[in-house]
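There are two complexes below, and they share chain A, which is joined by chain B in the first and by chain C in the second.
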Partner chain A sequence: MKRLFGGGLLLTVLFICLGLLLFGGAQAISFDTFTAESMTNSADHRIFWLLKIPRLLLVLTVGGALAMVGGTYQILFNNSLADPYILGVSSSVTLGLVVAEIFLGWPSNSIKAMGIGLGFALIVILLLLFCFYFHKLQNMERVVLFGVGINFLFSSALFILISLQNHTLGSGSMRWLFGNIPWIELKESFALIAITAPIGIIIVIFGRYLDGLSLGDTVARTLGFNPNHVRGFYLVLTSLLLTSVTCLTGSIGFIGLVVPHCVRLVFAPRSSRVLLLISFVFGALFLAVSDTISRSILPPLEFPIGMVTTLLGGPLFLYLLWKR
Partner chain B sequence: MFLLSFTKLLVLCSIIIGASPLEASQKVPKIITTSPTLTELIFQLGYGKTLVATSEFSDYPKEAKSLPTIGSLFYPSLEKIVRFSPDYVLVDSESTPHTLVTQLNKVKLASISIHLRSVEELFTSSKTLLQEIFHAQHLTILEEKTKQLQSNTKIFSKNFRFLIVAWISPLTLFGNSTFLSDLISKYGGQNLLNSNLQAAYPQVSLEWFVKNPPDILFLLTNQKENLDELQRLAQKWWPNQKVNLVALSPDYFARPTFTPLEHISAILKDAL
Partner chain C sequence: METIKPKFFFEGNELILGYPGVPPLSRQAFSFQIPHFAITALVGLNGSGKSTLIHGLIGERVVLQGQLKCFDKPINSFSSRELSELVAIVPQETVFPGNLKVRHVLSFSQLGRAGLFGKLPVFDAASIPYIVSAMELTPLLQKRLGEISSGERQRVFLARAILQHSKIIVLDEPTNHLDLKASRAFWNALTKARALNSMDILISTHDLNFVKEQCDWVLALSEGQLLFNGTKESFFEEKWDEKLVDSP
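Moving on to the complex of A and B:
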């Protein structure tokens, strides 16, 4: 009962924040925007429909997807530190996109560049799987450490590539390092939802396999499925999901790591499906709140979203760990 | 009297033909610059031949391309600098880590930190360089530039509001504390960004941007696609307002030297 009350309170607070995102932010919008006929052509009206709504949809999708991918990784690798950011999958996607942008001149949101990003992600996943299958101990901790190594390697390569660019105004490239919520049109927001929603649904539908994996490979085999096949299937699916959001926003850290943990600590979900669904909701709201804060601290300045997620999520995570 | 005039004539000729206007008896200092901006500035002051090395990306004028480099722009190599045994290292405060000056002091190399965030700083820094390093007797070149700037700015009486876009996504603007913003302000422009903001190139919220349409929106770009993209967005964001969109070529406007001073008048005449 106490848990339900806590969760309800948290949800209420987050929805209030969501309202603030739509009507607050760098430029507050009044409700008159929707009532007065003369306002339909006003700047506020355009800000609401052209900027705030598409941005909100983008932020909710990206936040939810990152949290869902993080939750899935933690089950797949049976390790609480497993997260696309820590395992180097995020940095590999980003590196692929930057390579496509710098060397091939393909915009990062183009299908071709996304293909390169996905290719880089799959290489890392194959390396992780290779490490897992061919390591004598099949020790998950070693796999995670291997991923951490890859992350350092790819992040350094990314940093070198960005610093080698003409310095004059290289600030645009920095979005890859700290994350950025770009301006997209409403149709693009819907396109992103159309890509990510089916993947998310598949992940949840086949959630019972994740339940089996969370009990260990031996139990999974007794349940009648090959854990390695399931792991491969989910890694490819989550890579697709990750690539589709990272090509727009760059690397946004911490959500994939912190949100599923917080959900476990607060709600203690009994199945992977529930965990992933709640993680999606809270990941979406968490990123939406972070985005509002990034634009409201010192308007008109906007801070990189990755910094805000880390600043917000870090203390929250530590507090929850301390309490438990 | 005749000898003095003849010497002056020699100095003048040497400026005209582009050679270093240093007297024959005077020791030619060996200079290293840590940014393309300072390299360009030294060439503009007529002392390009004193440069023994520079940073990466120093590509203007074309003679600068053949100079050896001291490593990356943001992280110059102290070892390489020491190897050239320069008399002076000119440190660009905008792009070079502050620690470099301390390191140079430790290895007993003279350095001068140059700030170029405004037109005034360009002139005062140039004066310092001419007097302290090159021991120039005359500051003719600076006097001419000052007169030229004054006569150019007098023509413009109209006040206008402007913003300078450095990068479209993420939306990054030129702050008030940048050379380019200061230069345009001299022509009657008012940067719409809050003047209390100290950030040189702040990333700003698109909502604020849409709510505050400028009279002239500058975009630092060489690529037509970027300008077309901004044009398309401007029509969406400000359908009822006339926002004059002007491209500024990075070849002329990216570096705070005398080059932007020579080209801004023509650009503003067309825009206004």
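Moving on to the complex of A and C:
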């Protein structure tokens, strides 16, 4: 009963927030726009369907995915500092995109450039898996350290490239360092959902494997899970999810690290499945709110989204830690 | 129909243990047998191979030569599911998820049996198994692992292992970090649990007082070698406890 009440309350709050996001913001749209039939071709109506809805879908998917991947990594590596970027998968995507933009002249939102980004990510994922399975690195800590090394290497390469090419890329190059939410079309946002939703669902369904790991590798073994297989499986799944969202937005910090921790602190979820689901919802909402704020501070300029997420989430996280 | 009960729950034939790619502690093979339904103490100094033997018992690939058997069957012939019904473990206290509630930890005892879609048991006020209340865990059920003392936490992990309803419980230096009072509470809980469920128990420990008071059988290791395998009485009569400390 208590759980039902809590869930209902949560959903209500979510819907109110989503409503505010859609109808509020810098370009407020009145709800009447959609009830009067004569208005279906108005500018507001078009802004709503061509701009607001696709962007909202994008932001919800990306935020949720980041929070989910972060939560998974924290269990997988038994490390509360793990965030989605720790293994260097996303920095390889961003590096690929920037390389495509600088050296090949392909715009970063083109399919070709994304292909290069995906290729870079694939190489890193294969390297990680190779280390994990064949190079006597069965010790997960060393795989994580390896990933951290890749991450530093690729981030530095990215930074150097951007510094050198700043005049050709212009001020927009900052978007790679702090993340950026692009304006996309409705069908693109559906494509993203079509790719990420199945991966997300598999991650949640197999959450019991993560439960098995959460009490340590020896316990996992006596519960019938081979920890190495679980890690390999999740390494691939999360990398795919991460790659597909990073392709569009670059690296948006903080969500993946902090949202799952806040969910643990507040809800103490009974299993990894519940943890990941709640993290998805709050990650999605958190990024949506941050996006609205980033566009409302100095319109029509967009404040870097990564800075908004950090400024918004940091104090909240510290408060929750303090209270516990 | 009556099946013949095996005499030994755990035995090793001509064993050399070690991790692949690393030289083994000793190249000399050893054999041992542990009788069924005894509380067995696994003793030895740090680095004597106790943990390696335990890893062998939970199905990790540490047998370089010879055979490790459990109830007359080679350990590596069990599927991971069968192993989960055979062995439960209380590991040395290491990293634990501090925000997981005690009742949820207990429900994880059935993860192996439940599979992906089976139901996990619920431990709330309406349905507390006797063993949980006997181990004095009822007041802790709603608490998070990070909120309770390390002694209480270790009892929770013991209860989780017992609720797995496996035939064997392995405890890897369970009272290492506990003070005297918490250790006693832990051993009391174990004794109570054993009175309620019959099971084989293998405990790796440095606490020789506990061995003297509670165990039936002793397996002593030194540098990857078997030092002693026999009853507790002969272990202490023949002064193996002193030889263990003096062993190289």
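In this text, the second predicted complex is superposed on the first by the 252 of 324 C-alpha atoms of A that agree within 3 Å, B and C clash if a C-alpha of one lies under 4 Å from a C-alpha of the other, contacts with A are read in each partner's own complex, and residues count from 1 in each chain.
Criterion: contacts are C-beta pairs under 8 Å (C-beta built on N, C-alpha and C of every residue); 3 or more make two chains touch, one makes a residue touch a chain.
This structure is a prediction, so every number in the text was calculated from the model and none was measured.
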Contacts of A:Ser110 with chain B and chain C, given as first, second, both or neither: neither
Partner chain in contact with A:Pro304 - chain B first, chain C second, else both or neither: first
Chain B versus chain C as contact partner of A:Asn180, first or second or both or neither: first
Partner chain in contact with A:Arg264 - chain B first, chain C second, else both or neither: second
Between chain B and chain C, more extensive residue contact with chain A: B
Chain B versus chain C as contact partner of A:Val219, first or second or both or neither: second
First (chain B), second (chain C), both or neither touched by A:Asn228: neither
Touch list for chain B against partner chain A, complex: 57, 72-74, 95, 166-172, 193-194, 197, 199, 201-212, 220, 233, 236-237, 239-240, 250, 254-255
Chain A to chain C touching residues, read off their complex: 75, 78, 136, 205-206, 208, 211-212, 214-216, 218-219, 221-226, 264-265, 268, 270-271
Of all residues in chain C, those that touch chain A in their complex: 21, 55, 58-60, 80-81, 83-84, 87-89, 91, 94-97, 99-101, 104-105, 107-108, 111-112, 114-116, 120, 144, 157, 160, 164, 166, 170, 172
In the complex, chain A residues that touch chain B: 25-27, 41, 43-44, 46-47, 50-52, 163-164, 166-169, 171-172, 175, 180, 182-183, 295, 299-304
